[in-house]
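Got some structures for you, see below.
Next, two complexes with chain A in common: one pairs it with chain B, the other with chain C.
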Partner chain A sequence: MKSFALTFRRFFRDDGQYLLLLSPLLIFAVVVAIYPLFFSFRISLFDYRLTDPNQTQTFVGLKNYIRAFSDTVVLDSLKTTLIYVFGTVTLELVFGLGLALLLSAEVRIIRMLRSFLIMPMAIPPLVVGLVWKALYNADFGVIPFYMKALGLSVGHGPLAELKLAMLAVILIDLWQWTPLLMVIFLAGLKSLPTEPYEAAVVDGASRWQSFWFITLPLLKPTMLVALLLRTMQSFKVFDTIYATTAGGPGSATTVLNFHIYTVGMTFFDMGYAAALANILLVVIAVLSIIYIMVLERQQF
Partner chain B sequence: MKKSPLEKITLAILIIAVMIFFMMPIYWLLITAFKYGREAFAIPPKWLFFDFTLKNFIEALTTVKTPRFILNSIIITTGATLLSLILGVPAGYAIARSKSKLLNFSSYFFLLLLMVPPVAMLIPFYLIMRDVHLLGSYFAVILLDTVFDASFVVWMMRSYFADVPQEMEEAALVDGASHVGAFFKVALPLSTPGIVASALYVIIYSWNDFLFALMLTSPKTKTIPLGILASFSAVEIGWGRMAAMSIFAIIPAVIISLFLNKYFVRGLTMGATKG
Partner chain C sequence: MRSKTLRMLLSLVLLAAFAAGIVGCLPVPTDVPPKAEEAKPAEVKPTEAKPAEEKPVEEKPAKPYEGVELTLAAMTDQYIAGFRHLIPIFEEESGITITMDELGYVDLYQKLTADFVGKTAQYDLMTVDIVWSGEYATNGYTLPLDDFMARDKEELMLDDIMPVAWTLGEYKGKHYAYPLAGYANVLNYRKDLLEAAGIEPPKTQEELLAAAKALTKDGQYGIALLGAKGSAVAQDYMAWVQQHGGSILDKDGKVAVNTPENVEILKFFGELFKYAPPGSTDYWWDQRETAFRDGMVAMMEGWSIARAGYENPEISKIVGKVDIVPAPVSEGMEPMYGFGGWGIGINASSDPEKQEAAWVFIKWLTSPEIQKEWVRHDGAPIRRSTLTDPDLNKEYPWFPKMLEAFEKGDGDYRPRIPEYSIIQDALGTYVNAYLVGQETAESALQKAQAQIEANIK
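Here is the complex of A and B:
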């Protein structure tokens, strides 16, 4: 009984006050974030079209979810998403590590060049999309001009050709986000111990060998964090797709995130859009939890 | 292991190639904003010598409502930044200082919130805002931006306060101050660097937002990215004007990446690096 009273007093002396500092945000988050997510779950169980003049909501149970897994458009967009995510993340990991190694010297000019490389990440993705759209333009774009000069055929421009569109949007992503991987790898490289390298020099290892057998294995934890972080972000791509291809040509660049937007905000099929959004939410939540676990294991 | 001259030259060429690739689009945007229409799309492209003009900027400021778009962006960015700091900084402090497992654990809740796909939040939020007649208001965008911004601030401030020495706060507690008092009188005034770092990232996030503004603003509350898109898809193809408007849109990005990039990067990696 005494210990209970003590806990009770301690709560009001310490944690109660901390809770007081936390509570405005908690209340805000519950009202503005958690409630909408519950609301989203509720509408995903209904057939609800904003275009319906009577605004009727018919309860359909899990039908929207079942429909999602048999909808070929959704399955196609899922495939497109996986190609996009896999393409961007692997290429950015490789080039990001390359950039980090290339620009790791702590010299003034290199430091300056590195700060220029931060710029793409801070520019509004929509502007990035529009700029690349101009650069890719078949008639006056800079990129097709140099492609033609090299004797390559451009057709209707990289963004409008079925075979090139995906590659073209992946390149935009590479431009904007490879520097992030560089930054993460630079931090990883700086935290590496020096002893193994000294030992390798004594043993007469080549630079390539010490990279392959020392640097790469030691960078594994950094790579895992970078991989997870970029995978989550890449799943959420929207602005650049909206600005460049709007999912086309055909559905060549319709990633799931963009498809959900189309279902909800162009076709106004709210129940189905909510169901699709919730599926994406679960995928991202699982990745996030893995990310948190990895991050925590590395810090303690 | 000394590098041979050949290696050095190869590395220098690689670095130049990398810088050309990453800077070319930004440079293109910059010169296009100062070019006349006929020169903007000259074939072969004019990279260095062209007729310099301010025509695009004058057009952007007079014929389309660029000043209005910028003002709207400033209002929404300021609102979301202030609100997320007011809510997030005390919360980050509480999580960092409390010994309660439950409170500590709540920081993961905010990290998870930060990762929610924006579209998953937008669909229900759009319907709710429609029902409470807030669609098209600044407030609607500010609220939704703040969900992500404040979650970010908590996560950043938690790690900031955890690294800050606690002696002065403990001294205040011994002198009879409450935890709330110690926060406002001692910890808060000392936390400016952490707050600046969080604010920078939040400013960029809200300023660059396109999706939320696309669905939640009206023609009167349109932000600059939407303004660029709207003026661009108008009758004539105004690439030069688009470029001029984009220059306004990327000013915060340029300032932050050139002068304050350490803080910004720390935000981007969400604590994965200490920056």
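Here is the complex of A and C:
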């Protein structure tokens, strides 16, 4: 106890300057991250409707969380979110790695190609959504036009058919974010040591074998970064859904984040929306921890 | 020595940039409007500057609110062109400046709600959708205008305003928004196509269905409908509920969407989609308009305000081929026509002086004289004198039909109650789910009802 008090005092006497110098950053973090987090946790324990003229906040304990787990809309949207995340992340991982391997050579044309491929990332997701909505439109869109020309049935259009809508939104995400994974994997590939490959060639390994037994294992840390980044982003998807399907047709593409938006910004039910947002946060955090544990353990 | 001065200089520059960054962040609300203002005069000047010279005679002497600055949040509906044209004229006459923010439907609702809840009074004037009036009244967001109206009774000519237009802002006997733009639900149809098929313009819903069926052939579709998830499909379904004599609320004013009657209407609505373009279940208002203007469909129900646009060759391929009738109702039903549109309200949290100035603007804009200009610049009428004006009737030959639809207008088919947005969201999800085959008509309305009940407290 005594030693603790001592370190505490010394910390403030000796390193007080550090704190002072750190204070702008600390204040910034508190204001933009920590305070909102605590506020959203606090508000999730209350019944608070933003449009209430008296702004009454009634304490209801965990009722909002209990309500969330018995709300079929929430459970359905959670399932939709998982499908979306699984679809986008696996496809992007595969295509990103493929593109990275394909375009890793340092040739002028390939360097140019790479910079062109990165362009979708520079467009705001909302704009991407609007552009694709126009492309997908069953009656005026380009994609259904060629589908019809090929003799395929378009139905209500890719975004309005129950079975196609999810695939259609996943494709948009794939188009926009595969380049990011390509860049990450390219960086990973460039930093790989060359010795193992030389040794493999000497031992008579085929190219496939050296990819499977050397490249992939060595890329694991890169893969972890890519997986984490995309999973988190994918869980939070909102803009593209908002601009293309608004969660439709029916509720086929209502991901959890879009449902939270409806509860918060249409019903103005802030307590419940905060509770749902916190559940999303916990889901992402838990998944991230699992990823890290699994991939760290397997390393070497 | 040299590197030190360089470092000094660099840090100075950085400091200046930092300061500029901070300062630049502060005046967010004043940052945006000037853009809209810049755009205005450019569009107004070439059209017409004359009315400004004609009118000053009446109002010029007194400019009691000279120098007052107002902000207006306006929906980007067709009538926005009317605002763009008339605001500079008003500014000249009154000395009041009005900065207009043009916002889309969803953005407008959310920005206004944030403004009202925070009592920040960023907007002094706002366009209020007919369905928001109950919510605004209950929460005290907009100023009740009854005191102003009683004071200025003589100049307002209240009797001249169509009775149904008061639903644009009236709630429980008080007026929370003043009528601005009245829309009647009408059936637009292609004269040429109906004539070629030997079909009379439908007068009943049953005839409408039969006509839609007969007109769907050779890549041509019978009718364009709103099917997209959200407010679009919800509002179109509610229009059909009205046209079949159904109701969203029961006799006691409680929400009752899952009645057997409404289920039947939903099935009829679904039947109509068979004769609509395949993409219809994803149509918002703009896509429905495009489908009709493109000549893809033969009929379309919609707000009367869009009518003038069909005669504009720049945006329409069907110039001279369109006529309207009031929207058909179910057979044997006393004709009642869906009525909608916009009111204009004053923020309850604005300064009293600004509220007075805002009222001056409302009075001016809704005066019979200015209403003519308003209508000529894509605005929509609210006065009987406008709808019966001989000059305007020559320019807009469909006005008598609109007058008829206004006379028998029903402004309450979309319940103007505070819970409206909850009802609209539930119907928007589940009616769309029925149309794409995710739910049956019964289960769709059942689930909508359940969702509404769970969210209304």
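Before moving on, here are some points about what is shown:
Here is the rule we go by: the second predicted complex is superposed on the first by the 256 of 300 C-alpha atoms of A that agree within 3 Å, B and C clash if a C-alpha of one lies under 4 Å from a C-alpha of the other, contacts with A are read in each partner's own complex, and residues count from 1 in each chain.
In the analysis below, contacts are C-beta pairs under 8 Å (C-beta built on N, C-alpha and C of every residue); 3 or more make two chains touch, one makes a residue touch a chain.
Since the structure is predicted, the reported quantities are computational estimates derived from the model, not experimental observations.
By the document's definition of touching, both partners, chain B and chain C, reach A:Met265.
Look at A:Ser251: by the touch rule set out above, it reaches chain C but stays clear of chain B.
Within the superposed three-chain model, A:Val32 lies in touch with chain B and out of touch with chain C [touch as defined at top]. With both structures placed on the common chain, the touch criterion links A:Phe140 to chain B and to chain C. Using the contact criterion defined above for the overlaid structures, shared-chain residue A:Leu103 touches chain B, although it does not reach chain C.
Applying the stated contact rule after C-alpha superposition, one finds that A:Leu162 touches chain C and leaves chain B untouched. In the superposition on chain A, A:Gly87 makes contact with neither chain B nor chain C. After overlaying the two complexes on the shared chain, residue contacts for A:Pro53 are found with chain C alone; chain B is out of touch.
Shared contact residues of chain A, touching chain B in one structure and chain C in the other: 139-140, 265.
Contact residues of chain A toward chain C in the complex are 49-53, 55, 71, 73, 137-140, 144, 154-157, 159-162, 245-252, 254, 262, 265-269. Those residues of chain B that touch chain A in the complex are listed here as 1, 11, 14-15, 18-19, 21-26, 28-29, 32, 40-41, 43-45, 86-88, 90-91, 93-95, 97-100, 103, 106, 108-113, 115-128, 143-144, 146-147, 150-151, 154, 178-180, 183, 204, 207-208, 210-211, 215, 224-225, 228-229, 232, 239, 242, 246, 249-250, 252-254, 256-258, 261, 264-265, 268-275. By the touch rule above, chain C contacts chain A in their complex via residues 110, 113, 117, 135, 138-140, 227-230, 277-282, 287, 290-291, 294, 296, 421-422, 425, 429-430, 432-439, 451, 454-455, 457. By the touch criterion stated above, chain A contacts chain B in their complex at residues 14-15, 17-22, 24-26, 28-29, 32-33, 35-37, 39-40, 43, 99, 102-103, 113, 115-128, 130-132, 134-135, 139-140, 142, 145, 175, 179-180, 183-184, 187-188, 201, 207, 225-226, 229, 232, 235-236, 238-239, 242-243, 257, 260-261, 264-265, 270, 273-274, 277-278, 280-281, 284-285, 287-289, 291-292, 295.
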